[in-house]
Amino acid sequence: MNVTVTIRRRAVIADPHGATVARALADLGHSGVRSLRIDRTIHLEIDGEEPETVRQQVAAMCDQLLANPVLEDYEITVHA
Amino acid sequence: MSEQTAVHRALGMTDGEYDSVIDILGREPRTAELAMYSVMWSEHCSYKSSRSHLGRFPSEAPWVVVGPGENAGVVDLGDGWLAALRIESHNHPSFVEPYQGAATGVGGILRDVFTMGARPIALWDQIRFGPLDIPKNRYLFGGVVAGIAGYGNAVGVPTVGGEVAFDECYSANPLVNVMCLGIMRREQLVLGTAGSAGSLALLLGKPTGRDGIGGASVLASASFDDESGAKRPSVQVGDPFEEKKLIEACLELYARGLVVGVQDLGAAGLSCATSEPAARAGMGMDVDLDAVHVRESGMTAAELLMSESQERMMAFVEPSRVDDVLAVASKWEIDARVVGTVTAGHTLRIRFQGELVAEVPAASLSEAAPRYDRPAAEPAWLRPRWADTLDHSEAPDLGSVLLALLDDPSIASAAWAFQQYDHMLFLDTVVGPGHDGSLLRLKGTDKGLAVSTDGNGRLCFLDPFRGAERLVYEAALNVAVVGAEPMAVVDNLNFGNPEKPEVMWQFRQSIEGISAACEHLGVPVVGGNVSFYNETDGVDIHPTPVVGLLGMAEPMPDRPPRLDAAASGMDVWMFGPPAIDLAGSSLERVIHGHLGGRPMGADPDMATAVIALARRLAARGTAALHDVSDGGLAVALAEICIRSEVGAEISVDDWRLAFSEAPHLLLAALDPGFDAASLAAAAGVPAVRLGTFGGDRIILRSPDGTCDIALSEAAEAYTDSIPRRLR
Amino acid sequence: MSVAVVVFPGSNCEHDVVHAIRALGGEAELVWHRDTDLAGADAVVLPGGFAHGDALRTGAIARFSPVMASVQSMAESGRPVLGICNGFQILCEAGLLPGALIANRDLAFICRMIEVEVTDTATVLTAAARLGQRLMIPLNSYEGNWVDPAGEGRVVVRYVGDPNGSQDRAAAVANAAGNVAGVMPHPERATESMLGSVDGRILLEGFLASVRATSNV
Amino acid sequence: MNVTVTIRRRAVIADPHGATVARALADLGHSGVRSLRIDRTIHLEIDGEEPETVRQQVAAMCDQLLANPVLEDYEITVHA
């Protein structure tokens, strides 16, 4: 089964990467960028039949390893 | 054109080379065989245009344990300690992808050193770009520095020094050279040999993918043109974490005596790592490509043999030790597979998917590689260049000249780069980046290891013999400044297209220059690298040999001189023969945009005398000692002042002496009353007290004018030059 | 009384830490991350480096190493636990210290001598320092920018300047009990005048004194 | 206008971090992960009326800065 996990840094946390990219875009003359956010998307191909079971398994992976609860939220999409 | 012709030409082989392959095999080569010959006979791997000239280097001395020909040179430091050193370039890959190009350059040079049994303890990077006002050059510079930092820091080897320079000629062809030094106990020395019949070949490290197929070898052997975009997919990606584990695993294998030989996989990948160790051992080998662990499915035999996937090593192991080796690999979490068996005879046989895909004489891939004695001729433009001198009879405003020089990125502080490098790991960096020579202590001994790396494309352009000769003396003086005696040289020969007679002439002249100086100093060349085809759209870079010189101080000075150790009240002394030499100087480059005239040649006996004097001064606790190079005396003085946060006031007899880049000159900060004159006289070196340190201005008087600038203004120009250009 | 210095794959400051501790008269031994007991050690140091190549997030994978259960119980039993640089990042990921470390504000690795000020002396790291004492210690990190959205962290050493954007200019942080501390600059790199500073001794000597104090009970 | 850019390392290029994470998941007992890939997703809010113009502007950003043309491919989605 294919699963996508989107990991998003919470808005209250500083984001040096996002800030640097936004500044660099402005420097390059790309005006008009109002906001910019960089997420990490993890694509997994994983054994399993039952979408709900797979989702729970991936949620466990997120809680343990893939996301840091201090900094990040995550969202799981199990593809048909 | 037949189909086969199209194939060998596409692989970069000439028709003549293809015919040689047929002669060796007595038949047409199979596809995989052709792939192997094409990478092994590329310029990068075979040194076909340079090999006949590299023999000119003096390479022998009683302390040389391993000279040129192995992965790294090895010298004896005494008391059972050996040092391994090597320098390498990754110029073309760094232009294609600066971060990964530089990163994999670091990874490659580390492997050359730990392949010998040594633990890599330090790196030095010599990097050259076009001017920073061009965005592409800023991107390349930033990417290369980040790549060296990203790999070197994470792999856990400090980058303790190097060089950063900018010149138009590198705009479309940056130079990225990296030198590595390793140390080991004598019994840990390992050679790149396959051992005897029955030994097994174990491939350690990363799985093999389609990385860099035709990458380093083909890229480094062909010039850039508009189609270089098409070569892009072959970029290799470095993994410092894997390399770190490989280093630790290999060092454990050596310490436990579990291997008979080791060969790293670099350019030409498995083709090289099977054929060369077999050839060195006078053996053959049976290789099973199905056993190679792969990252991608569907790779062909030719791809497996050409792949330049990073972080792989081949270990040769007696059958009874295989389980122990596998256990070490598993502890360090690296993959290890038996992929071959060493055989009697001289034949390399490679099987894949039930088929014999190659059967060639092992030595033919390396030793039978073509050699070209390419024609060399002095460039027609050279003598007119020598005649093209500038008239310096009128003195400029000396203060603004000095400020302009300090603000020049090639002269200014390189802290922006080296503060991104971990340069302190291992607690050995006694004198680190930002000084003349680096000095590392060897813990548990009273030995200090000093290294300086030097290049100067402008001098070598105007006179490759004199320029290259002076580089060696400059490097030797730089290590003497921290108290060390020169021991060994590695060289990186960065040149243009060797098919042009004038490039070949520059190349041979440079080798002569390096050899002359090394012979005079009694210092062997123990290894190096050649990078040709540094040209873009038919324009060659300046000939840019880079010299890396290792010296040893024993005992290491208690307080080695440092640029930041001058203090108010100390005297400013200059040692060496004052002379006006402005050809190729920074003054002519920065102020006049000029490159002409003929630079002075070295004075070998004076060089030796000044080097000996520098060591004596370092040993007796001289506060600051600095060789005069780019920007001359004025810049050397300003650097001491800025780093020591103290002003100075000196006078010279002729303003041009302040900016002259004549060789063999030293500047020192000495306690007042110290009888430097007698010390220098005993050494046969001219000496003059130029003035004193103190105050908060840099004042330089001459009969034709005075430079009088605030220390703070000089410091601002010097420290902010590079950061300001990158903002 | 001895200190276990943990080696993860990718650690690189472990030998430096052992060297510095021994030079200060302490005992230190390396412990492999797969070992599950700390071999009778009275304290533990997680040294700097790039455990697991900093894949995903720095410290994210290392926190699951088998040895971390013992580190956790060491922390819970009040024994001294110190994370230096990457070790600090690992302790945050493991939840033994508050907050997390993200990329430096200017997205560049920083390796240079830096000035810090001690703002809390009741921890294993700062036990031998005076309040307000200023120290010169090398910084060496890319992810040295501490963030603590919950605002519960106890900052015990601050940067005098603002090299990397760290919240509250935090250079070192401790848990409430003061026995677990993380420090971003490297005290082991500042213990010999030949290398530019001896100020790191004040932190390491305080740590060793704390080890002695706790191992006696 | 809201734009999402997905940046993906080409399959032929090695991905050391992805491989390390996959190994760590297996070590944690999450068997059954067949493959794992980490992408970057950039969300932009950008001035503009004309989807096609905005797309071209973002493509220029990608070529110049957001993606590394040597290693990565990108895909732009302009949201209604």
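Going by the order they are written in, the chains are A, B, C and D; count residues from 1 in each one.
As a convention for this text, a contact is a pair of C-beta atoms (placed from the backbone, for glycine too) under 8 Å apart; a residue touches a chain by one contact, two chains touch by 3 or more.
Note that the coordinates shown come from a computational prediction; the quantities given were computed from them, not determined experimentally.
K.L.:
Hey, which pair has more contacts between C-betas, A-C or B-C?
P.N.:
Here the pair linked by more C-beta pairs in contact is B-C.
K.L.:
Taking each chain's centre as the mean of its CA atoms, how far is chain A from chain C in angstrom?
P.N.:
From the centre of chain A to the centre of chain C is 29 Å.
K.L.:
Using Cα averages as centroids, what's the distance between chain A and chain D in whole Å?
P.N.:
Those two chain centres are 11 Å apart.
K.L.:
I'd like the Å distance between the centres of chain C and chain D, where a centre is the mean of that chain's Cα atoms.
P.N.:
35
K.L.:
Going through chain A residue by residue, note those that touch at least 2 other chains and give them in order.
P.N.:
Where chain A meets two or more other chains at a single residue, that happens at 64-66.
K.L.:
Give me the residues of chain C that touch two or more other chains.
P.N.:
Answer for chain C, listing residues that touch two or more other chains: 52-53, 55-56, 61, 64.
K.L.:
Going by the touch rule set out above, which residues of chain B reach two or more other chains?
P.N.:
239, 241-242, 333 - these are the residues of chain B that touch more than one other chain.
K.L.:
Chain pairs that touch, all of them, please.
P.N.:
A-C, A-D, B-C, B-D, C-D
K.L.:
Using the touch definition from the top, list the residues of chain C that touch chain B in their complex.
P.N.:
Within the complex, chain C contacts chain B at residues 9-13, 15-16, 19-20, 49-50, 52-55, 108-112, 138, 140, 142, 186, 188-189, 192, 194-195.
K.L.:
Chain A touches which residues of chain D in the complex?
P.N.:
6, 21, 24-25, 28, 30-48, 57, 60-61, 64-66
K.L.:
List the residues on chain C that touch chain A in their complex, please.
P.N.:
56-57, 60-61, 64, 92-93, 99-100, 102-107, 145, 147, 149-150, 165
K.L.:
Chain C touches which residues of chain B in the complex?
P.N.:
By the definition above, chain B touches chain C via 146, 149-150, 153-156, 239-242, 244-245, 332-333, 415, 418-427, 429-430, 441, 443.
K.L.:
Hey, which residues of chain D end up touching chain B in the complex?
P.N.:
10-16, 20, 23, 68-71
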